[in-house]
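Common to both upcoming complexes is chain A, partnered first by chain B, then by chain C.
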Partner chain A sequence: MLAREVLQELIQVLGAENVLTEQEDLLTYAYDATAAMKHHKPDVVVSPLSTEQVAEVVKIAVRHNIPIYPRGSGTNLSGGTIPTKGGIVLSMLNLNKILEIDQDNLTATVQPGVIIQALNDEVLKLGLLYPPDPGTVTTATMGGSLSECSGGLRGLKYGVTKHYIMGLQIVLANGEVIRWGGKTVKNVTGYDLVALFTGAEGTLGIVTEIIVKLIPSPEARKSILAVFDDVDKAGKAIASIIRNKIIPATLEIMDNVTIQTVEHFVHAGLPLDAEAVLLIEVDGYKEVVEREAVLVEQILKDEQAVEVKIAKDDKERDLLWLARRSALPALAQKRPTTVLEDATVPRSKIPDMLKAIRRIADKHNLNIATFGHAGDGNLHPTILTDERDQDEMKRVHLAVDEIFQTAISLGGTLSGEHGIGIAKMKYLDWEFGEAGVAALRRIKEALDPNYLLNPGKIVRRD
Partner chain B sequence: MSVYNSLDSITEELHKCMKCGNCMAVCPIYKETRQEVGVARGKISLVEYLLSGEIEMTERLADRFSLCTTCMACNTNCPCGVQFDKIILAARAEAVRKKGLHPVKKIAFTALKMQRMFDFGMKTGSLFQGVALKHVPHKSDRIARMRFDIGIGTDKVFPMLASKTLRSEFPEVVKVKNPKMRVAFFTGCMINYFYTDIGKAVVEVLKENDIEVVIPKGQGCCGIPASVNGDVASASALAKRNLRAFEKLGADALVVACSSGGTAWKHVFGELLENDPEFKALADKWAGKSYDISEFLIHKVPFKKQGLGRVDRKVTYHDPCHLNRGQGINKEPREILKSIPGVTVIEMKEPGRCCGMAGSFSLVHPDLSVQISDRKTADIELTHTDTVATGCPACRLQLKSGAENAGIEEEVLHTIQILAESYRAGKKNEIRSL
Partner chain C sequence: MLAREVLQELIQVLGAENVLTEQEDLLTYAYDATAAMKHHKPDVVVSPLSTEQVAEVVKIAVRHNIPIYPRGSGTNLSGGTIPTKGGIVLSMLNLNKILEIDQDNLTATVQPGVIIQALNDEVLKLGLLYPPDPGTVTTATMGGSLSECSGGLRGLKYGVTKHYIMGLQIVLANGEVIRWGGKTVKNVTGYDLVALFTGAEGTLGIVTEIIVKLIPSPEARKSILAVFDDVDKAGKAIASIIRNKIIPATLEIMDNVTIQTVEHFVHAGLPLDAEAVLLIEVDGYKEVVEREAVLVEQILKDEQAVEVKIAKDDKERDLLWLARRSALPALAQKRPTTVLEDATVPRSKIPDMLKAIRRIADKHNLNIATFGHAGDGNLHPTILTDERDQDEMKRVHLAVDEIFQTAISLGGTLSGEHGIGIAKMKYLDWEFGEAGVAALRRIKEALDPNYLLNPGKIVRRD
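And now, the complex of A and B:
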């Protein structure tokens, strides 16, 4: 419980309507989209309307030594927004304006509460695109997606969130406001704090304004489906496409378990006996797309795809992508609890990783489906389970441990796009070693010495 | 076990939710408040806390459960197939069992049960409504505003009570020459007391199609206002009354022109009466032959195309939530509109987004209801049409109120009224050509 005095100060700054204190409201901020996480109720939820108000909230928190948990839509998958130590949840959703779209410099300036899709709807009217597209584009905020450095389906060709963040306004842990970066492509003034704060999960400062890079929206696109009777062949096909110097916008894979589930769900015509399917999309100028599609088709055939299908029209294209987009929903309906991981390996190791996941599933007698962004090595092993079954959950945790061990041993990483949060904190030294974790801690302590900003995430306080 | 009888009935529904938050993309309330409690995920969590015993049912909790228009948009956007409307109805019924009904609602739903009293009140109301309501001059709709604020604001434009109720204007059996079918018409309260023009259009169109229309005098409120607010006892009593009234007169089919009424006959009566074998059987029997009027005219008895006269209207169609998502009816009204000579249909952005009326929701949360409505009105304005068609009298009220307050010239009609208009125009032509 917060002292009355603290609440009064918050209400004075924000107005009573932007300060939630009743249990029935607070409890709805005790969780996020991460499966099987312990809930923690905050003491208060505040919704600032300006950078100044954010700074004032931080100063109040500093004076009374209260933790602050910044939050967008709470769609992350790493426990990143759960207020583990109570305190203040800082909802950024009322800072939801697109401040500027600059067609000459190809930038947009937005507040952190803007929904990703809302920005894309606006820039598309001008023939522009903001490429990062996590599965949550219609719900996630720009601030949340920046803080988690989310990726999505277009990572292979267009990169991920961090490649599009050019400038930030940040409220520091002492309540001071700084601006870093801007609209210039080149900027080497000082340390690259823009890069540091992107993906920092709100543990180093609170972002209140974001300048992002936009690109011209591609003129045309073509989708191709390839069916394989062997995971290795699919893996070779992925490598071969890239070796032939074609960079598709999207290069997705679904394993047999996923294919079976999806096909029963949407009837997109996926072959039930396939060991893997690849879904590929090339985009760009019409002429380039035509040429690349033919090349990709040839490569897939050379790599012994059982079947290759180019979507003839938008309807066929939509059906293919409906199949891919239905992967998670279809899987999620099979069992009550869906543990979705994002272990990532160099793309050449995709077949090894897929086979390892299959072994781990068999070993622990679990139902694991794998799909994901094969082109950038980012897989989503998805464990279908039931939180209420304690014995099974034990096996789930063991399997998750082994999946991460495997990813790291293959030269990969713990998290491709979901972030560390609480969920993967304990694995960090597997990837960085003790010295690496200590380096992270020193950065955290330099910027937030009292652990007030999203404490309990990424870096554990000793 | 139905959602109206026990909170346990929804445990599996709750377990399906993986808290992904996809409901945030489509929830009309969340779009306005941007507070987690406004969206399905938030309320699902509260029900879970309630079931685990971590919190108790309080009035404050019941307040949170009132934050839902039951528009079911979240159902269709849910990757896990959660039927949130079931969860919210069960939670509200639980709230009434534990905390009782809000006193105002208690009075209202009791009145609905006492049909004769209610009728008398409404008739007296039609004489004296000028005391509280100020008439707003308008060419086609008899509408009014509250003169003073009784807690629901003075912004909302209401339809004036009809001087004669629909059911008093027709005999119980409206005969036609050589009837090809006998169809019962469940009017619902809004059509009976306010929008009698919709009811008259239904009768007119059915007669035009050689159908004998039965309008049982013993029918009453559909009970949906009670059941969505958790007053299961009142809703069950009303369900029985209606089943008795229609069973007494009998018919080959039953039609409604109101999305709540349709939901009641097709789904809710059976769920409410599941523990009463006799009435459950009756409810199932009538559910099997209940149709929304547009559904009836497309699938059951395809309506007569000859004799349709020209109606010059640019029309945009608003999908009522309980017709569209609740009963899967969205193509049928459009098909009717498109078959009328002279009618151009221009779709608005998101025709299926809730208008924010949601029955008593608009009374309990007037400001929120208006905010939701304003978005709808803005979408309508962009279509540059002169008419909004819809399939639900409650939506009509809300849409009219929104258009009136925005100062846009837009007539709001039920689809069936435009069809009736076309038959009428056809007849005029016939006479002229004689």
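And now, the complex of A and C:
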């Protein structure tokens, strides 16, 4: 419970209408999109309307030593926005203005509450594109996706969120407001704090303004479906495409469990007996797209795809991508709880990782479907389970441990795009060792010595 | 002077042949490529042969509280490698192996002493490219260019060094060895320390192994020269190219002073009376290059270029780029001292910046030539002077101050690609304010509390 004095200070800064304390309001901020996590209600939810108000809220939090949790749409998948220690949730959804689209410098300046798709709808009118493309693009905010360094379907060719963040306005843990970076393509002034705050899950500072890079929107695209009777053949096809110097915009994989589930859900014509399908999109100038599509088709045939199909029009294309984008919702309907993981390996290790996941599923008698961004090596093993079944959940946790052990042993990482949050904190020293985790902790403490900003995420107090 | 004990410890770890203490040896490590900087000899220069040896040297430095300066080829331009406080220079030139080129994952793993061009010579055999392209590409090391986050001529389309660094092995200031990042395209595990160490000028840790991203080498390219009788028209042409959704690999500018000097030096056929020339290269698939070259030519004509010339063969192309690459050496011949600055603005502000530089040159009665990466907004105002002339040097310093004030007032930054080092430290609070500089200092102290790693660079002890 917050002291009445604190509430009054918050109301004075923000107005009563932007300070929520009713239990039913607080309840909706007690969790995020991560499955099977304990809920924690905050004491208060505030919605600032300006950077100055954010700074004032931080100063109030500092004075009273209250934790503060910046939050966008709460679509994150590692428990990163759950207010585990109570305190103030800072909802950024009212800071939702696109402040500028600068066509000469190919930048957009936005507030953190802008929805990713809303930005893309605007810039597309000018023939431009903001490439980061997480599955939640229609609901996730720019601030949230920056803080998680979201990836998505276009990472292979276009990179991820961090490759598009050029400048930030930040409220530090002491309430000071700073700007880093800007509209210049090159910037090596001081340490790269723009990069440090990107993906920091709101634990180092609060982002209140974002300058992003835009690119010309590709004028053409072609989508290709390839069906394989063997996961290894699909893996070899991926390697072969890259070795032939083709970098598709998107190169996705779905395993047999996913294919079956998705096909019953959307009827896209996926072959139910396929061991794996690859979904590939090439984009760019129309001449290039034509040439690359033909090359990709030939490579897929050479690599023993059972079937290769180039979408002949937008309708066929949209159906293919509907199938891919339906993977998660389709799988989520099969059991009450969907544990969506984020194991990431060098792309050459995709077949090894897929086979390991299959072994782990069999060993623990679990239903695991796997799909994901094969071109990135970013797989989403998805465990279909029921959190009320304690015995099964024990096996789920064991399986998750083994999945991450395997990813790291294959030269991969704990998280490609979902972040560490609470969910993966316990694995951090597997990847960095104790010395590495200690270095992260020293950086946290340099910028937030009292652990007030989203405490208990990424690194805990020692 | 180092205690004899310290020297003996160093010799024990590295062997006497890798520990230099002769005055004539030390002298060559007392400066870098930055003009008009005070020289400082180190006490000893050591050349480790392994990460373990680097860690041992750091531990010796910690035990005896001795500063340590990692150094590549010393081509940097902001005084970043000058051993201002004496101590140990750690030459990385013996750690010069390309450890792996991984064609499936499009990565190379290198030691920090590998020369950039040496890496590119190897990967080009496989049809691949490491895009960062600083002017010193044939002499600078991968470790040095990583630590400065070098830019160069291809920044507009391909980005700069930081966009290609995927993983690092680092020796921390306490001698611990850590790995961050790896070969995965996506990685959001913990804070982005790969990005933090990139461009940190060796002040946060010592890089001992680097994983970089490679891309397919473009199959075709075309170079275009455009001559303008007015700087504003050149500026508008730059904006117009970008607005037409063309992102050239390279988009360079030279002003009249540079043109005249370069033309007398290389006889490339540049018009002596032009106010500005643009040098543009488009690259990629051959169909795209054809199409973009035609479009660029038309845009340049529409924007009132006096002359537009597409290089018709490699010989003509090479001559154009020889002219551009000769800008600095040609200018450097005119006066004893060449102060090469690094003012960087949003690309739409290029004409404003060029005119401001001209005003500043007139005001202080100085000879300033300007050339640079117009597509990036990254200009190199180059002051031709004589460091023995104290009166002129006073005016040089005033002019440099005004150049950076102007860059910042135009939404630019202190350094696009040369770094802060010693040379620009005094300007840092113009860009970040005191609170911002304090945040940098807290990060420095989090990772190097005793200021042993390249002390006195970027941020000073408070």
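The definition used in the following text is that the second predicted complex is superposed on the first by the 462 of 462 C-alpha atoms of A that agree within 3 Å, B and C clash if a C-alpha of one lies under 4 Å from a C-alpha of the other, contacts with A are read in each partner's own complex, and residues count from 1 in each chain.
As a working rule, contacts are C-beta pairs under 8 Å (C-beta built on N, C-alpha and C of every residue); 3 or more make two chains touch, one makes a residue touch a chain.
As the structure is a prediction and not an experimental result, all values here were calculated from the model.
*Asks:* Quick one: classify A:440 as touching chain B (first), chain C (second), both or neither.
*Replies:* Only chain C; A:440 stays clear of chain B.
*Asks:* Once the shared chain is lined up, is A:184 touching chain B (first), chain C (second), both, or neither of them?
*Replies:* A:184 contacts chain C only, not chain B.
*Asks:* Just chain B (first), just chain C (second), both, or neither: which does A:393 touch?
*Replies:* neither
*Asks:* Is A:332 contacted by the first partner chain B, the second partner chain C, both or neither?
*Replies:* first
*Asks:* Comparing chain C with chain B, which touches more residues belonging to chain A?
*Replies:* Touching more of chain A: C.
*Asks:* If you stack the two complexes on chain A, which partner ends up touching A:11: first (chain B), second (chain C), both, or neither?
*Replies:* So A:11 meets neither chain B nor chain C here.
*Asks:* Contact-wise, after the overlay, does A:25 reach chain B, chain C, both or neither (first, second, both, neither)?
*Replies:* first
*Asks:* Could you tell me if A:163 is touching chain B, chain C, both of them or neither one (first, second, both, neither)?
*Replies:* second
*Asks:* Have a look at where A:348 lands relative to chain B and chain C in the superposition and call it first, second, both or neither.
*Replies:* Only chain C is touched by A:348; chain B is not.
*Asks:* Under the definition above, what is the set of chain B residues touching chain A in their complex?
*Replies:* Going through chain B, the ones touching chain A are 15-16, 18-22, 24-25, 34-37, 41-43, 45-46, 49, 55, 58, 60-61, 63-64, 79-81.
*Asks:* Which residues of chain C touch chain A in their complex?
*Replies:* 102-107, 127, 148-149, 151, 155-156, 159-160, 162-163, 172, 176-193, 195-196, 198-200, 204, 215-217, 239, 242-243, 245-247, 284-285, 287-288, 291, 344-348, 373, 375-378, 411-420, 424, 428, 431-433, 435-437, 439-440, 442-447, 458-459
*Asks:* Considering the complex alone, what residue numbers of chain A touch chain B?
*Replies:* 20, 22-25, 27-35, 47, 73-75, 91, 93-94, 96, 113, 117, 136, 138-139, 328-329, 332-333, 336-338, 386, 388
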